[in-house]
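Common to both upcoming complexes is subunit A, partnered first by subunit B, then by subunit C.
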Partner chain A sequence: MATTSTTNPSDPAAVLRIAQKAPSVLAKASSVSTIFPASIFSSADSTELWQDVEQLLYACLRSGDDESAFLCVERLSDRFGADNERVMALRGLYQEAVAKDDAALRTILEDYTKVLQENPIHVPIHKRRIALLKSLGRPQDAIAGLVEFVDSFPTDIEAWCELSDLYESQGHISQAIFSLEEAVLITPHAWNLHARLGELEYMAGTSSSDHSEIRKHLTQAVRRFSRSIELCDDYLRGFYGLKLASEKLLGAYSSAKANADSTIPPEKLQQLSRLATSKLEAIVKERTGPRSSAGNESEVIAVQQLLNSSKG
Partner chain B sequence: MAVQGTEQVIHRDPALFYWILLPITIVMILTGVLRHYATVLLASPSKPPATLLESRERQALIRGINLRNNAAAAISSSAFNTRKEYLIDGYKKGTFLRGGAESRGQAAPNPMSDPAAMEGMMGMMKGNMAMMIPQTLIMSWINAFFAGFVILKLPFPLTIRFKSMLQSGVMTRDLDVRWVSSLSWYFLCLFGLQSVFIFILGNENSASQVAQQMAQANPGATANPFGPGQEPDKMFQAEAENLEVLEHWSVLDGAEDRLLQIYGS
Partner chain C sequence: MSVLSRLLVLVGLLSLFHAAYSAHEFSVLSTKYHKNAPLPLDIKLETLVSVFLACLGLVWGSEPLKPVGWNEWAGELERDGGANPFKSLEERVNFVDIRAQRREFATWARQQGPASTR
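For the complex of A and B:
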């Protein structure tokens, strides 16, 4: 299960591989004893084991192995008690996953609301409720719930990121940028968040109509992408965005013609774009090579398309 | 004076070994185990906030600290200034306080009468007590029953400095340093059994920590920046001042230049 952190979690094949380890992990989890004399002899009751079980639960749910997922939930509630906050949320997650239709989901939503009325600071259930609202197709309610949530828990990264995504899905780009900036403030070295912010700035730049606004956003986007590459070498998403943003900004400069008060001079932008192109070519070559490890193929394909279109 | 080169010979009753050395060691190990479970029982993890407003009060301060520490590496100047103004305004007016802006200026509740603060202090005291009480009890037990026995001879020579450490309770000037008294054996056990406990109770006494870790999905959510007896309003004012004097620079400015430099083109 150590592979969870190294492989790409959004890669279905990796998830399936993890889910197939279910029997061994579950067997380990069920042999744990915490009562004193037995605790010396039985296998260790370590944090890692229970984190493994939790990861396994996610993997099983994603790969459709509901029975193993149920066993995971059972093991966790045996160990930590059914009223443990986190176990409650995991159980809710399992119930959501096996729910037959929207009506069943709505009853789960009511359950969550009931739990929250009793204990208004139940963070995991709060999050589940918002996630359920989102999956029921009520993004406005989810946003309202999240805004309330981050008012009380303003240092929760997960919530800010989710809020940013929701805003973006509703087309409120500037709010999305604000939310994500809050998340970056908490973890200033997260290069993926920097790149994501760059993407949002890029979107804001392309959707805006005012010339100075466009330039402001695109400049910011170029800088965000640069920062993300600075933090993480050979970051594909960063280079991809850098190429797009710098070329777009060049276009914006040339269309504005006069008042050349550009913060990043055009020559530099051309350099950046060239650098990004050459780097992307190198990355594609490496990843499609014969000895390439199984990475995220869709990303590589997208890059190839971008390179082809810019050549043509 | 002990004659150089000759070995002091003391005939010890073998009963000393069975009735003093072993009991002290066993009792020390057992109390260590017991104390571990006592601390697990007594330990109250930093309590999560009881209400949403309380959580906001705590995290508002952390948010300010985050902004102060990370703004340079995270956001641009305009974004920083709006946040700074918002937070300073909130801190000064007291909107983040648990009781709202009106509760500002009210006298701080006496920590003795506030049950939450009381509990924080009690937690510290309980931890100390769990260490102190068994120690005093066992030491007086040894003093009462086993004082003055010489129970052990170390198989290696030592310098005279160790005499006070190894022979407390035995007031003989001439005794070789290698002889260990019962009281000193107690002290040696007290400080030297840590690795035995790690063996028995698991590394870093993990049994207790797993449960705590699971209990909180978000460890940051329960962190409490306010110590017992500290007044949130005062800390907010201090944080507002810290933010006011902060000079902002952004790591984003010139990020593209640095990038070009790194890749040398």
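For the complex of A and C:
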């Protein structure tokens, strides 16, 4: 599997918490001995430690702690060698982050291209190059590079997801849906990808003007959201989407004067919408209850707004 | 629950040893007097009851079972904020736009005010 277990939380406070652990993680990493006799007896050289160092690197770069980030890169290249593929990409990431201006970034881009000329199957550098193109405000080039990349590595799920997002950012919803479908083919159990696909179909359905197109996309959206809640019990995102999509589709049915065949009968849609509403109410009640754990409060607030607006 | 279950296991095992010792003594006695007597009912019953008690204690004291169904497991992860193995497909660390994230973090830090950050 191409998935990495390194996580990069979206919440800045969580990033800061990780970044503040820098001294202890770095101390642990520098105590690891890789010279032969000592390396057998030391248990410090674990996968978890190096994952922590990598996560710390991301956190430090985001929070602007460049010295610690530099030390992370140094530790990693001491341990795995400076020509290790992932270490090379991380070093590139560090250079991108501390680059002063666009000229410096273009030099880094040229370096990436040079590395790729020598080794065309260098996956991490490929990905960095595409990310840098995106960062430089050249999404079309990034898409072109990524299309070429998924041609060579068609089982790279992360790349398909990134391509889908890039297409979506450029307004090519149908291409975005196609790319994400490819990713779902490889990981059919990923409930968040099904929900994301449902969201894209919903967007396609709401932005289209043709009646049959609208209905086709919304039907797909209902199906994708249904799959996501089948794969994950009480999935807030899935139920939220299911409620929106099924109600929208019901609206589309009534406006089209029931001439064409409806793939999902309206009674079933009403049932789905009712189910989603009751489940959402239950989830909100549970999450706002006294025993609820903090976090993702914005989700709950959004659900409450949706429920209130559908009541009123 | 755990104290009770441990007590049950202890009582069950002790009683099992007791039954085994009784059976041993009985067999020694019966060979000594050259009588092939069957094992008395009370020793048999003690063995069965003590094994049952020990098993009950072990089952009661075990950890709550982990979900077997995919949807239950996934639901638990989402509810308790566990690590969703597919979350990385939405974060995509290898494609991270680090400069945008730095700007985002800097804005956030300014909003938080200087007191709470450094």
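Definition applied: the second predicted complex is superposed on the first by the 297 of 312 C-alpha atoms of A that agree within 3 Å, B and C clash if a C-alpha of one lies under 4 Å from a C-alpha of the other, contacts with A are read in each partner's own complex, and residues count from 1 in each chain.
To be clear about the criterion, contacts are C-beta pairs under 8 Å (C-beta built on N, C-alpha and C of every residue); 3 or more make two chains touch, one makes a residue touch a chain.
Treat the numbers as computed from the prediction; the structure is a model and nothing was measured.
Taken together in the superposed arrangement on subunit A, subunit B and subunit C fit without clashing.
In the overlay built on the shared chain, the residue A:14 is in contact with neither subunit B nor subunit C.
Judged by the touch definition given at the top, the superposed model places A:152 against subunit B, while subunit C stays out of reach. In the superposition on chain A, A:203 makes contact with neither subunit B nor subunit C. In the superposed model, A:64 makes contact with subunit C only, not with subunit B. Once chain A of one complex is fitted onto chain A of the other, the partner contacts of A:302 are absent, as it touches neither subunit B nor subunit C. In the superposition on chain A, A:120 contacts subunit B only, with no contact to subunit C. By the touch criterion defined above, A:184 reaches subunit B but does not reach subunit C. Working from the superposition on chain A, the subunit A vertex angle toward subunit B and subunit C, CA centres, sits at 60° in steps of 10. When both complexes are overlaid on chain A, the residue A:230 reaches subunit B and subunit C alike. For the overlaid pair of complexes, the smallest distance between C-alpha atoms of subunit B and those of subunit C rounds to 9 Å. Shared contact residues of subunit A with subunit B and subunit C: 89, 124, 158, 189, 230.
Contacts from subunit A toward subunit C in the complex involve residues 3-8, 10, 12, 15-16, 58, 61-64, 89, 93, 96-97, 99, 124, 127-128, 130-131, 134-135, 157-159, 161-162, 183, 187, 189-193, 196, 230-236, 293, 295-296.
Touching subunit B in their complex are the following residues of subunit A: 34, 36, 39-40, 44-47, 50, 79-80, 84-87, 89, 120-121, 123-124, 151-156, 158, 178, 181, 184-186, 188-189, 220, 222-224, 226-227, 229-230, 264, 268, 271-272, 274-275, 279.
Of all residues in subunit C, those touching subunit A in their complex are 70-72, 74-81, 83-102, 104-106, 108-109, 117. The touching residues of subunit B, counted against subunit A in their complex, run 37, 48-53, 55-56, 59-60, 62-63, 66-67, 70-71, 73-76, 79, 83, 200, 202, 206-207, 209-211, 213-218, 220-221, 251-253, 255-260, 262-263, 265.
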